[in-house]
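There are two complexes below, and they share chain A, which is joined by chain B in the first and by chain C in the second.
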Partner chain A sequence: MMRYLKLVNFEINRFSKIYLTLLLITLLSQFAGVLIVTKSLLNDAKEIMLEEKLSEVAYLSEYGGIDFTHIANTLWFLGPIALSAVALIFYIFLIWYRDWFGKNTFIYRLLMLPTSRLSIYLSKATAIFLMVLGLIAWQMILLPLENALFHSSVPEAFLNMEMSTSSIAAANGILMLIIPSTFTQFLLSYGIGLMVMSILFTAIMFERSFRMKGILLGLLYGGVAAALFLTPVFIMASEIFHFYSNELFGLLLTLGIIVTGLSIWLGSWLLKNRVTV
Partner chain B sequence: MKRYLCSIIIGLVVLLSIGTYYVKVASSASGLPTFSFKTIEGSDKELDPVIVQATLENNNLYEPLTIESNMTTYGHDRSLWSDRNDVQIERLIKKHRSFMRGKDFIDSFYEDDDFLAYASVNNEYTKSGKMEAEFDIGVLEKKDEDETSFRIDFPHQERLMNMEVRDVQLIHSKLQVLTMNDVDSSDDKQTKEVHLYTIDLAKKKVVNDKTLVSETFTYPNQVDFEMPVNTAPSQPNNMILFSMIKGVNHEEGEYEEKLKESKLFSYQYDTEKLTTIKGDKKESLNLDIARSGYTDGKSLYAIDFTSGKYQLKTFDISSGALTNDIELNVAVGKEEANFVAIKNGRVYFLLGSGMGENLTYEPAQLLIADLKTGKTLYKGETIRHAADKKNEQKIGFIISTLEVI
Partner chain C sequence: MIEVKKVSKKYGRKKILDGVSFTANKGEVTCLIGINGVGKTTTLKAIMGLTPYKGEILINGQTMTKDSYEKITFIPDAPTMLPQMTVKQAMVFMKDFYHSWNQERALQLLEFFKLKEESRISELSKGNTAKLNLMLGLSLDVDYVLMDEPFSGIDIFSREQIANVFASHLIEDRGVIITTHEIGDIEHLIDKVILLDNGTVLKEFNTEEMREEEGKSVVDVMREVYQA
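The block that comes next holds the complex of A and B.
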């Protein structure tokens, strides 16, 4: 257990510089976005009021005020989220391959450790998952602060409505994806994320074990895993059989757990018995 | 310890921040108001079968809510994996779970003491652009849960574009399926038809295809078939009402109905008689009444407001005569949205949508009266129980449907 935790910590520390940079970029870009976009929206409003000789009241009744959804749809706001997502997806691969192709083939030492190979596999998975959740948590901390900043920089008359953090998250497609509106949905979305990551890890293990042939095996495994998980959906779509929602949910949950478990077992088995350095 | 700082911080931040966020979401959801009916007259036992669906607008978020047996449940409280069907389908699923798989359109059902029957049309376009259609038939013998289902080719499918099952009856072990069809035509002419298919369940064959009404028209003219709301669509009915509404599309995109040329029909299943209902006698069933009415296969019920009072008029479908006229004991304001349900020998009348002028909350009134005598069995109005006073003003509430089990 201690070894596993040490390995998790080790993996996180290795990525900490890039990770901190991502956090910082998100912070700066989103706050700058709030200030810049608000300012430009207000300037536009003033310009229109001047051009069309409208009073503030007339302008607002015609064009409406602004709210946080105007901010949340800009590149300033969504850009860093996309960047972080891409970076972590990329790191799912890098977390393995850097050990082989890094400066001093670190994998030698890693595989020599007197610890089970499963903990190496799990520690890498945990590190990535924890960092994903860390980014989400960071966004959850930033949102109310950004919202407060937005409120203080918009004159009351121009403010459409006060939005709560959860309604901001629900009003934006991308935010809704990363911050689901209920805790159950949160568990399900990130559970699916965990399953996908375990499938990718196992595909990487196939490649590391059998090289070129392994790529094919990895792709094949990914396809089989996806097909297995989605079997009930395919059955429904082809109208062979109809499942009630609770049955479909139960089946998907069970299959999801089976696929995740199978992937972890197969991945760590490959790492233990087949991986070559 | 210092070596682990980074991981410990991330771990703590994740737990605290995500935890706090969802605790807050849950507590703000429990801060939403609840709604119930305040009894003014009668027994609140009458409310047990009443289900009101509404929407709450809160901070730009729309929350569906249900008032069932006088208790509020919010959409977000329902589990993700629960089906939401109308109450009649829900009742059938509870009783016949296996038979009801994949069947969810109440007009497609027929139910008596011994049988539950189902008919629908599956159609899809092949790659060559032609349509292929088949009847999907299912019969359940209730006594020993004996299930028969089969598919048969839809007659004359090559000339059709769209077909919709509107009524199913079981008469002398033959299934009668009433459909509304759009005919596929290559020229400008469009044709809409009402068909009655007779399906022999033993032979698994369509033994008769009868065209009840067929109407051809060209744009800008338009023809639509309508049926009054059926209060018990799956019950055995010997009679069915439908209307053919003619209209014209003006160049500005406006649509105008031509009610003088429109017609109301009744069809009797056992005598196979199609009748055009003229409705020229005073106080008899006519097209106007039928369009706004509710039918149970024997009578047609319509709310009338012309005298400045809400009245429920009952017409006998076969004779067209007015058989009952009761006054509903509700205060008349301006003419407002109302919802009607006829069930259990009672009329359920919900007046108002919950939303008054300037989007403020305004109680909706519910009246439950005996269908024959008009005696008021229950009278009440919606009442809002605010859980969070400070937000009260910004919350919008609007009723969308009234259902009765």
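The block that comes next holds the complex of A and C.
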């Protein structure tokens, strides 16, 4: 257990510089977005009032005020979230392949550690999952601060409504996905994320074990795993059987756990018995 | 004792090892010799569980488990630590993960090889990288040390320094399996030779017996076998 925790710590440290850069980009871009977009919206409003010779009250009744959703839908705000998501998806591959390729073959050392191969597999998965949760936590810290900055930058008359952090998250599709409002949503968002990561890890292990053939086996495994997980959805779509929403959720949850468990078992088995350094 | 029993290995359709069998004892230096591509490195990787194979390999009568890595270590000819690490960080990493890490011996080896703790691994020369690998491997209190081409591509002074390790107390009574082309550097220290060709054991002999009974050195036997 101690070695597993040390490995998790080691993996997080290895990504720490890029990770901190992502956190910093998110902070700077979103805060800059609040200031720049707010200023631009207020300037637009002033221009319209001047051009159309409207009073503030007339303008607001005609065009309405502004709220944080105007900020949350801009590239300033969503760009760093997308960048972080892409970086972490890329890292799912990099976390394995960087140990194999390049001048330094760290995979020798990693596989010769006196710890189970499952620990090595799980430490990499845990590191990525913790980094995802860390990014979400960072976003949840930033959101009320950005909201407060937005409020302080907009004259009260122009504010549509006071939005809480949870209402901002609920009003934006992407934020709703990454900051779930219910435990069920959390299970769906992060459970599916965990399952996809375990499937990708297993596909990587297939490739590392069987090289060219392994790519095909990895793709095949990904397809079979996805088909297994989505079986209830296919059944419903083909109108063979109808599930109530709670039944569908229960089935997806059960199949998700099975697919994730199977992927972790198969991936770590390949790492232990088939992988070639 | 390390027992390699009828080990076979294929890469695609190419047979790399074809029923290789030999034993290596504790307290002895066993040398795997052969021209390039005969399966020397693959044999070492198979012993270490770094590649799948057919057959059986036993370490002290048991198959390889995670705990075996506290008893046997492999020193490949490539760096095994991250390039951004310093020598000191590499030592801390080893200390963190291996119960068998011997800090006292590590410091002795550091001094012996004249390596600096603050040196970054990416900045080490080929010779110093080989010394670092050796230092990290030999600082573990293990029964067996497997070395893959420790003299490959390094200067004569580093080679001498590494060869001196074999004669020193730093090896003590451990079992060593080594693959090398630079046989001259350590010929006098080798107890047993396994000659490999086309993935099979061509000849196996005790160097002292060979010298005494037939008056032949390892190089003489190699010439006979490979130039025949």
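Please note the rule applied: the second predicted complex is superposed on the first by the 275 of 277 C-alpha atoms of A that agree within 3 Å, B and C clash if a C-alpha of one lies under 4 Å from a C-alpha of the other, contacts with A are read in each partner's own complex, and residues count from 1 in each chain.
Basically, contacts are C-beta pairs under 8 Å (C-beta built on N, C-alpha and C of every residue); 3 or more make two chains touch, one makes a residue touch a chain.
The structure presented is a predicted model; accordingly, all values stated were derived computationally and were not measured.
S.K.: Once the shared chain is lined up, is A:Ile18 touching chain B (first), chain C (second), both, or neither of them?
M.R.: The answer is neither, since A:Ile18 touches no partner chain.
S.K.: By the touch definition at the top of the document, which applies to A:Arg274: first (chain B), second (chain C), both, or neither?
M.R.: second
S.K.: Between chain B (first) and chain C (second), which, if any, makes contact with A:Arg3: first, second, both or neither?
M.R.: In the superposed model, A:Arg3 contacts chain C only, not chain B.
S.K.: Going by the contact rule set out at the top, does A:Phe241 touch chain B (first), chain C (second), both, or neither?
M.R.: first
S.K.: May I ask you to name which of chain B and chain C touches more residues of chain A?
M.R.: With both complexes superposed on chain A, more residues of chain A are touched by B.
S.K.: Tell me which partner A:Trp138 touches in the superposition: chain B (first), chain C (second), both or neither.
M.R.: first
S.K.: With the two complexes superposed on chain A, say which partner A:Leu149 touches: chain B (first), chain C (second), both, or neither.
M.R.: Neither chain B nor chain C is touched by A:Leu149.
S.K.: Which partner does A:Arg109 contact after superposing on A: first (chain B), second (chain C), both, neither?
M.R.: Touch partner of A:Arg109: chain C, not chain B.
S.K.: If I apply the document's touch criterion, which positions on chain A are contacted by chain B in one structure and by chain C in the other?
M.R.: none
S.K.: Which positions of chain C touch chain A when the two form their complex?
M.R.: By the definition above, chain C touches chain A via 45, 48-52, 66-70, 73-74, 76, 78-83, 93, 96-99, 121-122.
S.K.: Okay, in this complex, where on chain A does chain B touch?
M.R.: Interface residues on the chain A side: 8-9, 12-13, 16, 130-131, 133-134, 136-138, 140-141, 161-167, 170-171, 179, 181-186, 188, 239, 241-246, 248-250.
S.K.: Considering the complex alone, what residue numbers of chain A touch chain C?
M.R.: 3, 6, 10, 14, 102-106, 108-109, 111-117, 273-277
S.K.: Going by the contact rule set out above, which residues of chain B touch chain A in the complex?
M.R.: Residues in contact with chain A: 3-4, 6-7, 10-11, 13-14, 16-18, 20-22, 24-26, 28, 59-61, 76, 79-83, 93, 97, 101-102, 394.
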